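Same chain, two partners: chain A is paired with chain B first, then with chain C.
For the complex of A and B:
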C-alpha cells in the first residue's frame, strides 16, 4: 500500500525535473514522427510532444519488444542475450498504464516471463493527463484514471503540474528533488477537479459494458460478424498496436554457419497459423472465426479479470478498413434485439 | 555436402544475382553445399542429381519448360525463388495469348523460338518451397538454405507486409498519407522496405496466400479517390489475375 502524496511541480521547474530523471534511466517519451507519435529515447524536453493523442505502438514495446532477441546459439550452446538497462517512460497516458497492468497479469503470473519481469522492474512510469480525441473510449471502461501502476502521475495545471506519487520509487524521486516541488494549494485542487470534469465530458465514444459477456455468448452466430468478415482485411494491424495483445511468435534465425539467435516477435490472431496446432487442425480456419475471436478475447474470456481492452482507440485509428471497435459491438448487440 | 543448383528461366536475372549479393555469407552456404550449376556465378556445370534446386523466372518458352522438368525430376527439394517463379510477375501479367503478342510486335504469328504464355513455375510443377519477392530479401534465401542444410523444414510466412511495417514502427502511408499501399493484402517478408521510404507497397510479393481480401482493399483505395482502372492495374502488376473477387 502506497501512501498517496500530492505535490506541485511549477512550470519553471519542469525542465530541471525532467533532466533530473536521467539519473534514473534512459528517458523515453512521445515524439512526433511524421503523422504518428512514438515513444523514443529523448535527450531534452523540447523533443517531447506532451500533448500527443496516442503513440502508434503502446509502451508495451519496452517490455515485450516488437522483435526481441532472447537467446544466442554459440558453439552449440544457447546463451541469454538480454541485457536490461533502466528506462524512464515519461508521459504515459492512463489507458496505457492500465494496459501494462493487464499485461502484468499475463506475464508476471506463473509461469513468469523472465524477460518481461526484468524490464518491468527496471522501469519508471511517469504518467501524464490527456484530453480524449474522437477515438478514445477509456472512460466507459474505467481506465481513464490510474490509481496504481505508475511511479508519478502529472496532472496539467495552468502554471505547472499536480503530481501524484504512486510508488516507493516515486517517493524516492520526489525526495531526491524536493527543491523543485511545492506543496499544492486549494486552488490547484480545484483546477484539477475542474480539468477532470471537463475531460469526462469530452468523450465522444463509449462502450456499453452492460451484460457484454452474456450478449457475446448469445451472439456467436450473429450476422454482424459475417458482415465485417467481408470488410476486414485480416492484416493484423489492430493486434500490432494493441496495448493488451500479448501473443508472440518465436523464430530461430541463422547468423552464420554455426551461430544463430532465437527471436520472438509480436504475433497476430488474424494470421492463419495462429490457431493451427499439431496434426494440422486449425481452431480458427476462416477470417470470420478470427475476426470474431478478437472481440471475444478483448471483451469476454474472463470477465472476472476485467476486459482486455482499455479503450485507447489504437485499433480504430490504425485500421485501414476503418472498422470501429465500439460500433461493431454495438451492432452485434443491436442485432440480438 | 548437399548438392545445389541454381537455374534461371526467363527473368531479369536479378533473383540469381541477389544470391551472389550475400557476399561473405556465401561462404556459410558453401560450407554445406556443393554448387553443381549456377550460371551467373561460374561456367562450371555438372549434371547430377541435386539435393536442392533453386529456380527463378517464368516459363516463357519451350526451353524453359524442358529445363524445369529436368530439374524437378532430378532434385529432392525445389525452391521457386522470386515472384516470376511463384506468381508470374510482370511478364505473366501481360494480357493476351502469345500468338497475338507475336503478331502485334513482329507482324507475324510465326513462333520460331517456341515462346509460351509466361506462367510461374508453380503452374507446371510442384515445388517444396515458394519464396516470392521482386526481388526477395536476400536474407530470406540465406535462412531457407541454412535451415535445409541443418535438416530443418524452413517455416513458411503467413503474414502481410503490415505486420513487419508495424514491428518497425513505420508511419502507415495508407492511413496517414492516403498513398495507395497494398501492404494489407501482400505477403510479408520484405521488412516493409518500401513503406520505410514512405512509398506504398506495390504488392511485389504477391497476395497473402488464401487470406487476401482484395475486395475490401479495392473499396479502401476507391474511397481515397483512385479510379477503378488504376487499382485493377495495381492489383495485377505482380500477381496476374490472382487478386480476383
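For the complex of A and C:
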C-alpha cells in the first residue's frame, strides 16, 4: 500500500484512472463549447479539454448554483430541498481552488449554509496544472499554486502526471487504484520544477498589490472611476463569472396552487436594485458607486482568506466593454501620484 | 440546522399605531422555540411570508418582558402591504434574532440619550423599555422627532412617559414638524419637553457628562449627520455614539452580499457586523452613513 504525498500517474494509465473516478461521483470536467469552455458532465476522457485556460463559469456553480432551490413549501411549511449527488470536479485550476476556499470562508462560517456544506462534502476536487494566457494574473496574488483545497492535483510531465495527494479522500482514491500509480523518480521532480519555472515566467500580467487596500481607500474620489463609469455597461457579467462573487437574490415562486419554492439566484452589485431599499432610497445610486464598490469588494484583504480576487482573468475575458481589472487598478494608483 | 428555515409564530394581537404602521405581537407556536428565542435590543428578525418572501424587521419589544415579541411594520411595498392584511390568529414564519444589537451591558450605570426619527423609534423602543425595566441606567433621555401627531409611534407610551417618566428616570422630549391642535395641546401641557421643530432642536440647552453618557441614534439616513454634529459639539466621543443602520438584506446572516459596505480597507456586513455601529466605525468605513 502506497501512502505518499506524491505519486506518478503514467500516461498509459491515465484513462483507466479517469474512468475509475466514476465510482466516486459524476465526473464534471472542462469541455469546449464553441469559443468557450464549460464544466460539464462527461462520460469519457475524449470529451475533456485538458488544455483549457478558464471556463466561463467557475466551479462555484456546483456549490452555489446559478438557480438554487432552497426550500419547498408543503402545506404551509418549508421543507428542505435535497438532491445532493456526489460529484468529481476533474481538471480544476489552482486559482479556482483558491476561489472555492474564499467561498468556504463565507458559506461555512457560522451559521453554516447547509446546502453549500453538503455539496462541498460530496465533491472531489482533482486539480490540474495549467499555463497562463494573456489574462491570467494569479501569480501576483499568490493563488497560482494550491497547497490545500483539493483531493488530488495533477502536474503535467512529459510522460504522465506527478500527482500531489491533498486529502484523506485523495489517499483513498490512490489506494483504490494502486495499480495505476508509480513512485516518482528524481527525473519526474526535475520535470515538475522545470514546468513550474517555465510557467512562472509565462505570466504577462501582474497586479501590484503593494499597499493596494490603503491606496484604493485613498482613491475614493479618483477621476479614474469616473472615466470607467462611462465605459462600463453595467451588465454584471464580471460578477457572474467571478469565482469569488457570491451575491444572491431570493425569490418565492409558485409551482402550482398548493406548492411553492424558495429559490436563490446569482445577483450582481452592478444592478441598480442591489442597494435599493423600500421608500426608493438607494445606497449605491450611480454606476460610479457600483463600479467602485466591486473593485473595493474584490480588493479587500481578509487576514484569514486573502484577497477576494484570485486573478483568474474571467472578468477581463468576458467583459463586453473590454475593461481590464489590473489596468483599472493600475490607473487608479497612477492617478494618485 | 438549516439557517434558512423559519419558525411558526402566531399573531396574538395587531394594533394600528398610525395609518402606515402596525404593531404585531407574536408568539412562537412551539414552546421550545419561545424559550430558545433570546434577543438583545437592536437586533432584528427576518419575517417570512411563506410563498411571498422575506424581509428584515427590528425587534421593538424588550427581552425583559417575556412570552411574546413585537414588530412594528410600516407599509411601504409588496411584502409589508401583505403583512398589513394579516389578521390576529394568523401564522407567519420568523427566523433570527440577527445582528449585534446594542451593548446594553457595557452601558450600564451611564446616562443614555436615545435619538430617534420616524420609524427609528422601533428599535429604540426596545432599548427604552429594557433600560427602564432593568433600572441599571443612570438616566434615560428620549429625543423623538416626528412629522405630525398622527405619526407618533407608540403614542400612548410616549404620552405616558411625558407625564410620569421623570419619576422612573426617563425624560422624553418630542419635536413635531406639522402643527395641529393635538400637538399644540401637547406642547402646552408638557412645555418645554414638546416643541415645534426637528429632533436636533431638542438638544437646545442640553448638557451632559461626556464621561458617563452614551448616545443611541436611529432614524432616516439624512438625520444622522445633524444629530451627530450636536453630539460632537458637546464633545461626546465618537466611540460613545451608537447608531443602527439599514440596508437591503436578503439573508441576514452574512451570505447574500447585499448589505456589504466599505472599501478595500473596511468591508463590513451590516447584518452580522451591525446593524449597530459606533460613529467611530462609521468614520473608518466609507459608505456606512
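Quick notes on this one:
Just so we're on the same page, the second predicted complex is superposed on the first by the 325 of 337 C-alpha atoms of A that agree within 3 Å, B and C clash if a C-alpha of one lies under 4 Å from a C-alpha of the other, contacts with A are read in each partner's own complex, and residues count from 1 in each chain.
In the analysis below, a residue touches a chain if its C-beta (ideal position, glycine included) is under 8 Å from a C-beta of that chain, and two chains touch if they have at least 3 such contacts.
All values derive from a computational prediction rather than experimental measurement.
In the superposition on chain A, contact is made by A:297 with chain C only, not with chain B.
Contacts of A:36 after superposition on the shared chain: chain B is touched, whereas chain C is not. Once chain A of one complex is fitted onto chain A of the other, the partner contacts of A:220 are limited to chain C, with no touch recorded for chain B.
Judged by the touch definition given at the top, the superposed model places A:320 against chain B, while chain C stays out of reach.
Applying the stated contact rule after C-alpha superposition, one finds that A:159 touches neither chain B nor chain C. Residue contacts after overlaying the shared chain place A:12 against neither chain B nor chain C. In the superposition on chain A, A:254 makes contact with both chain B and chain C. Of the two partner chains placed by the overlay, only chain B lies in contact with A:265; chain C stays clear of it.
With both structures placed on the common chain, the touch criterion links A:287 to chain B but leaves chain C unconnected. Once the two structures are superposed, chain B and chain C can be ranked by residues of chain A touched, with C on top.
Taken together, the two structures place residues 251-252, 254, 273 of chain A in contact with chain B in one case and with chain C in the other. Interface of chain A with chain B (complex): residues 33-36, 38, 56-57, 66-67, 230-237, 240-241, 251-254, 256-257, 265-266, 268, 271-273, 287, 317-321. Considering their complex, residues 1-6, 8, 50-54, 76-77, 80, 91, 93, 221, 246-248, 250-251, 253-258, 260-267, 286-287 of chain C touch chain A. Those residues of chain A that touch chain C in the complex are listed here as 70-71, 73, 76-78, 80, 106-107, 109, 111-114, 212-214, 216-217, 220, 245-252, 254, 260, 262, 264, 267, 269, 273-279, 281, 283, 293, 295-297, 299-302.
By the touch criterion given at the top, residues 25, 27-28, 31-32, 142-143, 146-147, 152, 155, 158-160, 162-163, 166-169, 171-172, 174-177, 183-185, 198, 208, 210-211, 213, 215-217, 220 of chain B touch chain A in their complex.
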